[in-house]
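The structure follows.
Think of it as A, B, C and D in the order they're written, each chain with its own count starting at 1.
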Amino acid sequence: MFKEMHDLFQWAWLIPFLPFLSFLIIAFVTKRSKRLSSTISILAILSSLSLAVAIGLGVIQSGEKIVEHPAIVNVNWLNIVGLQIDFGTIVDPLSAMMLFVVTLVASMVQIYSLGYMHGDEGFSRYYAYQSLFASSMLGMVLATNLLQLFIFWELVGLCSYLLIGFWFFKVSAREAAKKAFITTRVGDFGLLLGMLFLYVKFGTLDFVALSVAMNTNIQDVAVIGTAGYVTVMAFLVFMGPVGKSGQFPLHVWLPDAMEGPTPVSALIHAATMVVAGVYLVARMFFLFDHADPMALQFIAGLGAFTAIFAASIAIAQDDIKRILAYSTLSQLGYMMFALGVGSLTASMFHLMTHAFFKALMFLGAGSVIYAMHHKQDIWEMGGLWKKMPITGTTFFIGVLAISGVPPFAGFWSKDEILAHALHNGHPIIYGVGLFTAFLTAFYMSRLFFVVFMGPEKKENHPHESPWSMTIPLMILAFFSVFGGFVALPEHNFASYIHYGTFHHEPIAWGLAGISVVAGLLGIGLAYATYIKKAISAEKVAAQYSGIYKLLKNKYYVDELYLWLIHHIMDGLAKILYWFDIYIVDGVVNGLALITRGSGRVLRRTNTGQLQTYAMVFFFAVVIIFMVFAFGEGQLSALNPLATLGGVK
Amino acid sequence: MTALPTVSSMSMLLPFTLLAPLAAMLLIVFLPKEETKTIKIIAAMGMLVSLVLSLYAFLNYQWEPGGMQYTLTIPWVPDLGVNLALGVDGLSLPMLLLTNLIGFASIYASWNIDKRVKEFFVLLLILIAGVMGTFIARDLFIFFLFYEIVVIPIYIMVIIWGSTKRVTKEYAAMKLTIYLLIGSAFLLVGMVALYLAAGANGNPTFMFDQLSARQDLYSPAFQKVAFALMIVGFGSLISMFPFHSWSPDGYAGAPTAVSMIHAGVLKKIGGYGLIRLGIYVLPVGASFWAPYIATLAVISVLYAAFIALAQKDLKYVVGYSSVSHMGYVIIAVAALNPTAATGAVGMMFAHGVMAALFFSMIGFIYEKTHTRNIADLGGLAHQMPRLAIGFMIAGMASLGLPGTVNFITEFTIFMGVINVLPVHAILGIAGIIFTAVYILRTIANVLFGPRRAEWDHLTDIRGPELVPLVIFGFVIFFAGIFPNVLLGMIDSGVTSSGLAKVLETVSQAKIGGLF
Amino acid sequence: MIGNFSVGLSTYLLVGAMLFCIGLYGVFAKRNIIAVLMSIELMLNAVNINFIAFNRFIWNEKIGVNYLLTGHVAALFVIVVAAAEVAVGLALIITIYRNRQSTDVDDLNWLKW
Amino acid sequence: MFNITTVLTPEIALAVLSLSLLAIGLLIPAGARKGMMPLTVFSLMGVLGYTLYDFFYGPEAAFLGGLYMHDQFAVYFKILFLAAALLVVLSSGGYVQKLPKHRGEFYSLLLMATLGMMLMAGAGELITMYVGLELMTISFYILVAYLAEDARSSEAGVKYLILGATSSAILLYGISLIYGLTGSTELLEIASKLSGNLTPASLLATVFILAGLGFKISLVPFHLWSPDIYEGAPTPVTAFLAIASKAAAFAVLIRVYLLTMNSQTFSATGQTLLFVLAAITMIVGNLIAIPQTNIKRLLAFSSIAQAGYLMVGIIAGGISGIKGVIFYAMIYVFANMGAFAVATLVAEKQGSSEIKDLSGFWHRSPLATVVMTASLLSLAGIPPLAGFVGKFYLFSAAMDQGNVAIAYIGFVMSMISVYYYLSVVKVMFLAEGDGLPEVPVHGAMKFTMVFTMLITIAIGLYPTPLAKMAIAAAQSLF
């Protein structure tokens, strides 16, 4: 039966291709008609969704086999001396899961956008970008080798650039888009290098071939060089995810990316693209596994740091979307350190659940913003629950999910991560994770209480969003509630997606209890602060004004980067330009000047006095004679008369 | 040994390709200068013929035997051993195609010229034909002949149709011309020396293949000197630091079509020459100089990228960026291995297409807004979406976005370079970041941002003006998505032309590696 | 041969050389064009002396033949040419005098640089 | 065996022609003198045709006891002189019409000069050479000062006279010394007698002769006269002076150098000294040309530089070197002639020869502009024009002798020369030249321009025929 499944899997290429087709159609044919464009795009993504579901089911049915032997289709793409690259599709549980998540969220978002983007003059363009994004994201998921993955990786980057800057007339959007692209480029620089070194050492970039090559040659110093070499490669490759998934030093772009339309933020900057880094690390996990342990240590540490770092910033933010952005960063940190502590399963699991509930919350926020006529400051909102019941409810589900309240999806995944952290012997990481969970619960519920509870504001007249927007919310809410159950033994998520020998981790109820408590504490604190006003947030802020400023200004990282760019980079640029004009070019012009000048000087030798000419003439003769004569002392005795007399 | 006249079924293909523009040129010469429309159409027709022919040559080229095809050899100056030898292989064919693509597009890019139309197109066609000739020449003398033919029309075109910005167009033109000519003086000396050395055993020749077949006649010392001369000559042509300072000024001064052709193909003659003549004929000299060239190349990559950050004039940005991109080509040449060589030629093609698109778009912007000062522009995407698309495509190609041909060629270069000159490679790759910075800044400041009332009267590009966008856009993405079409061709050239073998022997002598 | 006052080839050559140098000096120093012209004549005559002297002393004395007259012929040619030169020269001087009312060499400096 | 008259036909014809022109000019009334130009042209064409035939089929002879050579080398140069004369006459028609008086004598003097040059080319003996040289020079004295009313012209005449006479005096002194040393004035005999030993006297003689000829080819530092004379002289005369007299001097120099100077054992110093002279000539000529504002003066300096290039070939020696020289000398005729034709046109129509008078020439006379551009670029040695091939011959010959430095200087200098050539081109193309008159080109002038340009391009594209002739001529010397 695996056979016919395999026939099915061979059609996987259709999943990215259909959206691409719709992109082409919209771009070249139907961009005039908004309705047609959106319809085509949504149809395309929905058919991709159904295909993805089919493939997912196929994967589940084919069971163990496919875990060991992914269904791979390859066609030669580039074949020259010293560089052979294939393009193809790989179908295994990992990619199947990603396919499902991406197509689902993407289709939800596209449907949602019907309402949200209604009346925007760039409507068709928007859907074209959406389709392009979907196809490149899916292509990346299906990539069979690192280069192919990198290509789509960059393409999703491009789409993110285009969509962040969708309202390009807004200077802020324009700048944010630029920032996003450049920041991720820094990471890609490392990824590119890593790829090159990998190819140099192993002669292939194909995931399967690479892992085989590593397993066989890991001891063979001749091939691999020192273990340090692999570690170097691991770090280089990891730079990519750091940029893409907004890990600590390169996280700055993600919050600004919120300048884009909210559905975009939901799709790209919460659910799918930003987790590409996590996905890449998962795909390349064998590399990190073979590298020196410190590589994974580093990933875990960085992830944990990012998690708490971003969470702490989120506490002090006022913009609804920025809060969600920082929470995304923090959750990405979670996934990273899950990988770092060696649990591919947990990480992927959290990736999935997070995709559901974060997309949900973003779309919810979107519908709030829509209702508030594009106000985003949470303090200008309040008591929206009554006005927008569906949005409110679904959003609340999201909050519970992210806070890790059972039985919502977030609970399972987060718990699994924390459990692995502790079991694989990273107590500190575990502690950080736990505290982050608490913070997360706090700021999320803070957001919820401020926006939906509390007194209503007179000035705004919110109303529930149209169906096109609420239906996706409900669907996503459904997944946020039940998405976690796949971890239950009978569904056995872990037996599909894992690295190395599969061993099932029973849910440790004790640990789970602790994290649940942490989550509830957070919610409770928020309740006490923002509903009951038992604790005055202002007082706390005033008391620790230093820390508060620090958090509010995101630890001044942006300022630092700006300073570096404007003073160091541009300064250097100016200096070099000066050097180029006045030194390099100066030499050239100087030579020209000398040439012309010497001409001007030399022409003075033509005095016009013919007697001068005559004298010059004759003395030149004399000098030449002298040079000839004494040039090499060939005429010792110069006595012309005597020598002439010689003929007498 | 003057090669015997080879009879190949297709031997007249290349002459016709070369003569089509010249025929059009002659037609135009005899047209009254008022018939501007007809003149333009004839010019376009001429280029179209030549484009179609070269496309046919490209598609009909047999990779399997490879080597020089469509060859034609006529003894020209027997006492010098000069043959009028034409022919193309995997290395030159892409460049030929590129020349015709850009030539054809450049006609349309200058469709709105209204000043001295007749003279403009006459000179333009001569220019194109000259560039074409350098790439199909199999004889060094002919190669050089065609190369120098090109220089003077450019001068005249710049002084008449150019524009004065930071520097006057007269200055720019003179700088461009004299700089390249003096560079070519070095080249000439090297060429004559090579010719004499090769002719030592009695039968002089200029044929590339025979020059390289007579390796044993060149002492290592001689090779070093000769190659040094080549570097200066070709290096200043491909604008390698520190011989680059003509290029930004030149492009800034030149009219659009000239900038397109100059940055698009003319510059590539330098890289092509370095490969065809430098490596192929003087491998020992090449391997001696390679580390130094590589260093200079890396400097040009980063240095020019940084300077581009500080530019205020669009053409200067692209001018410096082309200097920076050429740095990659030179690194690849210095890496001395087949992969890198393939990448180098591929990169030349890719950059040619990209630069031409960029310059044509800038040309339209300048034509419509009468400014190239980035600060004065902004929000053009509102009024001119199609132009914005073209500009975006060019920009994205320039920063090596996957899916564009520029990415895969750059990648090939890095792949070839990384294990020979790792440090250079890493530094060079770091350049992609800064490239992204200045390109994105430019795009952001020119196309995006709030709508500006003063540009509301502008009309988007349409009709003939779209030709460059369509052609180049198509090529960029097609070759980017199916790289085998281009790189496979070049690869066959590298292997079949014997270049690979030469590189094989050279690479035995390890050069400036790290590992 | 110091103290030997026999008039030999060297004497003639010496005279010739002196004459030549005097003429040269005249060309350098004289301000009047006509004088310069005459100095040139001196130089040419110096040449003539050389020719004649060589002819006389080499052939007619050393070898003792009297019919090789190359030197004489040369001298004759020189004289003729010199005459022509002077003729043209004087004509030119007249024209320049007509134009500039001066025959001073220093005034001939319109064409320079 | 051959008969002297057949061999000497061109010379005789030219002598007769010039004398008869003189007579006709006196006899027929002033009104009817228009016919003289065509007459000159056609008779010159006839002679040229005969000489061409002579080159390929004529006998190889040295007669009158080696006094007069009739080898292909000589005939090659005769062709050159005749061609130059023909082109000058053709281009000068309109100019001569504007002359105040003595129109008839103009052509006859031109032919006299040509005759002198032919004698020089053929001379196998120093006195003959001298006579030819003086015949040429004296005719030029008159021609240079031809504009009797123009003070500049007569000043140039006087200057040329004084300096020319002085130089020829020095040349003669050298000849006399040679005669004294060898007892002969025949080159071959001199060579055999001089061979080997280098006495002070022979050295002095050599230097004097070198200087005398160096003056004619305006080799730095003997060049000072030429710019002034070129500027002052009537433009067609300048053209003839620049092209033909220089070529004639080269013809002589080659013979003398190969036979006498070469035969002595010069020290390395001597060789290097000559190289230095050649190098200085190229450098100085090109550098001073840059700031010039007068087209004739600019061409004067450029032709000084050209002399430097030619010297390189002579010093390189050997068949290849000589071939290079005489090949270049020929194409130099056409390149320079084109430029001077335009200069003549300007002088004729605008009565001046400042570069700024060429403003807007592109509008006023496209043909002239194109011709000027082509000629200048050929002088600069830009392919596909003839100059490139010529320079290639010269410098490759030099490099073949291992003199890379001189070749390098040559190449760089010729590229620098592009600078001032282009600045002329720039004026013609760019400047608007408002208020300046139209300059229609037709008749003989048009023919000259088109012809020279076509030849320049043709030789550049397919140099083989001329190269063959040059090789044949060069071989006849060895």
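Here is the rule we use: a residue touches a chain if its C-beta (ideal position, glycine included) is under 8 Å from a C-beta of that chain, and two chains touch if they have at least 3 such contacts.
It should be emphasised that the depicted structure is a prediction, and the values quoted were computed from it without experimental measurement.
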{"item": "Chain separated most widely from chain B, comparing mean CA positions", "value": "C"}
{"item": "Nearest-to-centre chain - CA centroid comparison", "value": "B"}
{"item": "Chain B and chain C: spacing of chain centres that average the CA atoms, whole Å", "value": "66"}
{"item": "Rounded Å distance between chain C and chain D, as computed from the means of their C-alpha atoms", "value": "27"}
{"item": "Chain centre separation in whole Å, for chain D relative to chain A (CA means)", "value": "76"}
{"item": "Centroid spacing, where centroids are CA-atom means, of chain B and chain D in whole angstrom", "value": "42"}
{"item": "Residues of chain B whose C-beta touches two or more other chains", "value": "178"}
{"item": "Numbers and ranges of chain A residues touching at least 2 other chains", "value": "603, 606, 608, 610, 614, 618, 644, 647"}
{"item": "Overlap residues in chain D, where contacts from two or more other chains coincide", "value": "158-159, 162, 166, 170, 180, 227-228, 416, 419"}
{"item": "Chain pairs that touch, as defined at the top of this document", "value": "A-B, A-C, A-D, B-D, C-D"}
{"item": "Chain D residues touching chain A - in the complex, by the definition given at the top", "value": "158-159, 162-163, 166-167, 170, 180-181, 198-201, 203-204, 206-208, 210-211, 215, 221-222, 224-225, 227-228, 266-270, 273, 277, 284, 287-292, 416, 419"}
{"item": "Contacting residues of chain A [partner chain D, same complex]", "value": "595-596, 598-600, 602-603, 605-606, 608, 610, 612-614, 616-618, 620-621, 624-625, 627-629, 631-632, 634-635, 638-640, 643-644, 646-647"}
{"item": "Contact footprint of chain B on chain D as seen in their complex", "value": "373, 377, 382-384, 388-389, 392, 395-396, 399-400, 404, 407-408, 411-412, 414-416, 418-419, 422-423, 425-426, 429-430, 462-464, 467-468, 471"}
{"item": "Chain C partner contacts - residues on chain A that touch it in the complex", "value": "603-604, 606-611, 614-615, 618, 641, 644-645, 647-648"}
{"item": "Residue ranges of chain C touching chain A (in the complex, touch as defined)", "value": "1, 8-10, 13-14, 24, 27-29, 36, 57-58, 62, 105-106, 108-113"}
